[in-house]
Structure formats: C-alpha cells, structure tokens
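Below are two complexes that have subunit A in common, paired first with subunit B and then with subunit C.
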Partner chain A sequence: MEGFLPVAHAVGWSIASAPFVAWGIRSVNRRIRANPEQRMLLGVAAAFTFVLSALKLPSVTGSCSHPTGTGLGAILFGPAAMAPIGAVVLLFQALLLAHGGLTTLGANIFSMAVVGPFAAWGVFRLAQALKLPFALGIFLAASLADLLTYVTTSVQLALAFPDPVGGFTASFLKFAGIFAVAQVPLAISEGLLTVVIFNALARFNPQELRDMRVLGTPEAKA
Partner chain B sequence: MKKRQNLLLLAAVALLAVLPLWLVDKPAPDAVDADGKPVELFGGADNQARDLIGRIAPDYKPWFEPLLEPASEEIASLLFALQAALGAGFIGYYLGVSVTRERLKREFERHNQPADGGTGVHAD
Partner chain C sequence: MLIEQSAYANRWRTVAPDAKGLFALGGLVAAFAAAGRLEAALAVTAAVVAATVLGARVPLGLYLRVAFPALLFLAVSALSLALSVDRAPGDGLGVHVTGAGLDQVSRVTGRSLAGLAALLFLVLTTPLTDLIVLARRLRTPEVLLDIMVLCYRTLFVFSGALHDMRTAQAARLGYANSRLTFRALGDLTANLTLQIWQRAHALHQAALARNSDGPLRFLPTPHPHARRHTLLGGLAGALLAALGGLLAHGGAV
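Showing the complex of A and B:
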C-alpha cells in the first residue's frame, strides 16, 4: 500500500505511533535488564509475529490476508513491548517485500503493533478478572487483537478516503467489508494457534510464566 | 489430554485455511470486476483496498513507490517463506531447549531424591 495514504495522514499516524515505540523500547530494556533469562521468551514472541504475519491465508471472502501474531507477546510482556517488535516486522516487509510500505509504516504500526497488543492485553486481563478459563482468555485476547488491527486499518483508510456520498461511515463499511470480514476466520486461526503455543509454554516453562504473572497459581493452568 | 487438545486445535486451523478454497464459488472465466479487469480469486485484500481507493477517489495518485520490489511473485514467495522459516526455526529451537531442560531437571530430581532425603532439592 506504499504511497496510498495522503502525506498528512502518513505523517500523523507516524507521530501517533512514535511514543508507543519509544515506550516499548524502554519497557523491553528494563524488563531484560531485570530478568535476562526472559530474553529467549521475548525472541519467541517476536518469532511468532514473524511467522504469523508471513502466512497469507485464504478467507471466505475469496481474498487472502495474514494474521498478526501480536497477542502472544502482549500477554507475556505487556502491550507496549509489541510496538517495537511489530515495527521491526513491518519494516522488514516494507523494505524487502514491498508489502505494507514506508509511507504507511506509521499507520500500520498503530493498527498492528499498538491497537492489537493493547486490545489483547486488555481482553486477557478482563478474562482473568472474570475468572474465565485460561485458554479461553488467551483465545479471545489473540483473536480480538487480530480483528481489531484490521478494523483500525479500515478506520485509517476511511479517514483518508471518505466516501463522496456517504462520508466516513459509508467508506468505513466498504473498507471493513474488505479487511475485517476477510479477517474473521484468520482471527479465529490466530486465537487457536496462540492457545497451542501457550499450552507448550505452560507445559515446559511454567515457572517463567508464573514469574511473569501470566499463570497465577499452579492450579490456574488450563 | 493436552497433546490431544493441541492436535485438535491445529486441525481446526488447517480446516479454517482449507474451507474457503471449497466454499468460495469460482468466478466465471470471462467475469470482470467494476474496473473491467478479470476477477482474481484469492488475491490480496490489499489489492482489493487499492481498487476501492481508486473508485472512491479516482483522482488520487500514490505519491511514493516501494524502494525495492521483489523481482517477481516467485521471489516474493521466497522471501515470505524465509520470514516464516526464521520465525518457526527459532520457536522450534526454544521449545526443544525447554523440553530437554525439563527432562534433565526431572532426571536430576529422581536421582537425588533418595540420597538427600528431600532436603536439598524440591519440586516446584
């Protein structure tokens, strides 16, 4: 989508994303300095985003899109940590794959690496407060983060290109028809895959998850 | 039990990826979209959005070009595969390390338990 956001929007979304990336870098640095053993797990969160955002999957709308993989890292390391990680993934795709773009980087960071992770983190904490089963909380957090990322993309495009007749709303519905609807089965897939990886982590690294206050008590394991 | 749950979850993901290939009707070979171009099935959602921008704002001109574009679709899929392989490789390495560490810890505990009467080492 390189060059498809008007200059003012491209600059505006970059300015909106920058503080989150800076906050994320600070929070990741502090975390790793205090708990150097979590470095590997941070790598796993980044690798998961790398894999999932490379998988272009077919959807019921007859088009292809890809999941985001940001829910895992947001649940493990807090929402801010995913902003710099998502930015790296988006930069890789923009520079080498001509997917996304440098001019749309700010907007894409905002939707995928800010809105998505914050949604995942909020939903997961809410699910815990409501005492929902652990796996259900993970599933809801990861899939809603994925879906809301593409709802945000639709909002961004509708703001840049309001419909000449129906304005923002009509345009938003059209873009959401392309992005958000196609994303529904992909968001479910992402939720399921995130549960699979959490099952593995809970099985082999329960102490680390407990240290990170993701797994509360031993019996909270789902 | 957990192993079965993971297998079921992975099967569901595979099903979700394959079902659209069956469910979506193939367009007629001579079908054209609003712009008179042949309908492409399972193209990128990005391309659809680009077409939609063209319909909403016909005068809009993209003002920036990608600096580097993969030389062909094949090269692009190579790079996407590389991206996925790097990520999956790291996750596999980490899980392998974790499995081995867990097993060694359990063996260590089994060998030491009778000897020190359960004082030094404790399971968590």
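Showing the complex of A and C:
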C-alpha cells in the first residue's frame, strides 16, 4: 500500500525496475514500427490484464482470490512487453482501485511485471525445450510465475523490515510463511485455470496462438 | 468504480490536475518526513483527509469504503511486523513482541496512513483522463501514454463483456460447483482473451479510417484559473510537507 516501504527501498526498487521498463518500451516501439496494429493490441491487452485481476478465482483451500495473469500475459506477449503493460496495470490499480500505491509502484513492478513474466516465459520455453506436454508446461509456467512473484515480494518486505531478533532470514521466513498460506493454493488454481484457457484457445483459435509463437506450426501430412 | 464516481462528482473536479498533483506530492513528502513520530503522521493524515472530505466534498462513507481494503492490509501487516519469531530457549519456536518491532509498526503505520490519505486525495478528486494529460505534460514516453489511453477506454468494455458472459454462464449453472466453476472461468477467460485480437483489430481499422498517423492524442479538458490553482496547490503542498517535517522534529501536535 501507499507509503508502506521506507523511502530508500521505494527509490531503490524503482531504479531496479526502470531498465526493464525502458527495455520493454524499446522492444514495444520496435514491434509497433514493424506492425502498427501492435499499438492497439498492447493497450487492449493491458485492459484485459486489469479486468482479469478483478476476477474472483476459487482457491483449492476453498477461499477466493484474484489471479495475477502474469503467466498468461508473458506466454502470449513475451516478458519484454509485459514490463510496460504490467507497469500501466499496476498504476491503474493504484489510481482506480487504491490497491498498491505510487511510492510502492517500483517494487510492485519488479515483482509482478519483471520477475513473474520472466519466470513464466523461462519455464515455458524450458518445458518446450525438454519436450514436456504442452499443458504441463503452461501449468508450471503460470504456477511458478505466481509463486516467484510472492517470493520476491517476501524478499522485498524482509529487506525493508528485517526482524529485530532474527534479522533478514527470520523476517523472510515470516512473510513467506504468511504469503504461502494464501499463495500456494492460488498458484495451483491459477496454473490450472491457465491450462483450461490455453486448451480452449488451442481448440477454437489455434491460429492466434501460432501467430504469437505459442503453438508450433502443424506439420504437413502426406 | 467508487473512485471514478467521486473523481467526476467532487467539488474540485474543475481544479487543474497540476494543483491537485502538487498538493498530493506535498502530502507524500509529509508522510515520509513525519514518519518518525506517529502523532505528526496522524496530524498530516487528518489535514489531507479534511481537504478531501471538507474541501472537495467527497462523501465520508464513500471515502471509508475506498480506504477499507488498504486499512485491512495495513492492520494485518502491522500485526506481522510486531511479532518476532525465533528459537525458544528449549525446543521449538517462540513468538515475541519487541520494543524495536513496535517502533517499526508505529513508523510504518504513520507513513502508510498519511501516504494513503495523499493518494486518495489525488484519485478521489481527479479523473484518470486528467491524470493522463498531466502525465503527458511530465514527458511520459508516448508508448506508455498510448497503452494508458487504450487501457482506460477498453477496460469498461471488457468489464461489461465479462459481466454479460458471467451472467449467461451462471444462468446455465456454470458456477454450480467448483469443477464447473473452473471450466466456466477458463471458457470465459479464453473467450475474453480472443477479444484482445478482435477489439485491437477493430480499433486499428477505425484509427486507419480516420487517417491515424500513430500516437493517440486527445484535446485536454480546459481548466479555468489553472495558473492560480497550480500556485495555490503548490503552496499548500509545500506547507503540508513543511508541517510534516516540523512536527516530526520536536514541534508540538
């Protein structure tokens, strides 16, 4: 929330996020020059991610939570595009819902728009290289992106607020333990949901997935 | 969205966004400056809340409803910061409340309350379209502004589509149990995902039909007396920041 992080941490995480967002903006500009329709696509994708984050997802523990959508976005649009898209979505969450804040924007961008999408994209590509089943690759990418996002948030909080007795390690274990109760079931739920989404997309609209280089081109049959 | 309702209906709707931005910036600076002393941070919070509720006439009930989730998050976080976990002298783990932990809670609570008040002042009095115009004046990269403009104009369309699809699914018992809920949510999100390409293509065609040459530009809303308001907002923000600093460094509250 607004003002939660000390000023040095708020500034430090903003500086850490800035190169990724700048690289994302350069990459998006190149895509727009090559294909002007991408300008609209990325704006609409940001709105989709914002709306998706408001969706209530049943957790495997019986409670409800909201999907982050970082895995889905990173697999569809790539991690570079997700940095500026994620930055805009997080800014809108602060300005339209008062979730997060302006001083915590840098830290949130780093965990949700940098670490999460890169983790998802890396895991998905690794699963493809290892020739794991498509659905398993999607599940691992979405779930691990979710988990790594919250591990990063725990690191950020532990660095900002080391435990007076046990220091960074005790603080990290405390925050990670609190997040684990909600986030491990949510990560599994989001992984399953992302598999259902990609199954539906692969069944009804495989061409879009091929255009985004998520699915391979079908082999010609004699 | 409650914040949108208030942003368009408050008394300071027509005040220049630069003025409100400067006052909110002063509030954020004051929040960090006053964080060392809880009473000082609470005084800054009270001043900014008074400006929002009494000055801009944002209804108090709406204000509290918007602030509630953030306050709940703060309460849970303060509890976890107050408790220290370490090895007990015997076996197992011990949970303690330490003086240093309570000091940390006091600093974080003060800073967060004042920071939240400053953020709420800005968003409850200023529509997002005005903030995007302000961001353009602050030389935000063009591509980020385009994503912001398109995101803002499309998110309500997506929200409407999501609501309609969900209603149709619920009417067909799509959410009757957790297995069906997963399937219904997957179909709903996949359907919504496809609309990304369809809507983007339609928008691109519409822009081409209007001779679009790239960046999306809109005429900003005129703000009468913008200079005077900006000067006043800047002065009020500077006073607030100075008040936060003075109260935190020994002044009486």
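Assorted remarks:
Heads up, the rule we're going with is that the second predicted complex is superposed on the first by the 182 of 222 C-alpha atoms of A that agree within 3 Å, B and C clash if a C-alpha of one lies under 4 Å from a C-alpha of the other, contacts with A are read in each partner's own complex, and residues count from 1 in each chain.
Just so it is clear, a residue touches a chain if its C-beta (ideal position, glycine included) is under 8 Å from a C-beta of that chain, and two chains touch if they have at least 3 such contacts.
Fair warning: this is a prediction, and the values are worked out from it, not measured in the lab.
When the shared chain is aligned, subunit C comes close enough to touch A:V88, but subunit B does not.
Contacts of A:F4 after superposition: both subunit B and subunit C are touched. Shared-chain residue A:L159: touches no atom of subunit B or subunit C. Of the two partner chains, subunit B is the only one that A:P185 touches; subunit C does not reach it. Using the contact criterion defined above for the overlaid structures, shared-chain residue A:R39 touches subunit C, although it does not reach subunit B. When the two structures are aligned on the shared chain, A:I25 is found in touch with subunit C, with no touch to subunit B.
By the document's definition of touching, both partners, subunit B and subunit C, reach A:A47. Subunit A residues 1-4, 7, 40-41, 43-44, 46-48, 50-52, 54-55, 57-58, 92, 94-99, 101-103, 161, 163-164, 174-175, 178, 189, 192-193, 195-197, 199-201, 204-205 lie at the interface with subunit B in one structure and with subunit C in the other. Here subunit B touches subunit A in the complex through residues 2, 5-6, 9-10, 12-13, 16-17, 19-21, 23-24, 41-50, 52-53, 56-57, 60, 62-70, 76, 79-81, 83-84, 86-91, 94-95, 97-99, 101-102, 124, going by the rule given at the top.
Against subunit A, in their complex, subunit C makes its touches with residues 1, 3-4, 28, 31-32, 35, 66-67, 69-70, 73-74, 77, 80-81, 83-86, 96, 98, 100-101, 104, 108, 111-116, 118-120, 122-123, 128, 131, 141, 143-144, 146-155, 157-159, 162, 178, 181-183, 185-187, 189-197, 199-201, 203-204, 207, 214, 216.
Residue ranges of subunit A in contact with subunit B, taken from their complex: 1-4, 6-7, 40-41, 43-44, 46-65, 92-99, 101-103, 157, 161-164, 171, 174-175, 178-179, 182, 185-186, 188-189, 192-193, 195-197, 199-201, 203-205, 207. Here subunit A touches subunit C in the complex through residues 1-4, 7, 25, 28-29, 32, 36-37, 39-48, 50-52, 54-55, 57-58, 72, 76, 84-85, 87-89, 91-92, 94-99, 101-103, 161, 163-166, 170, 173-175, 178, 189, 192-193, 195-201, 204-205, 208, going by the rule given at the top.
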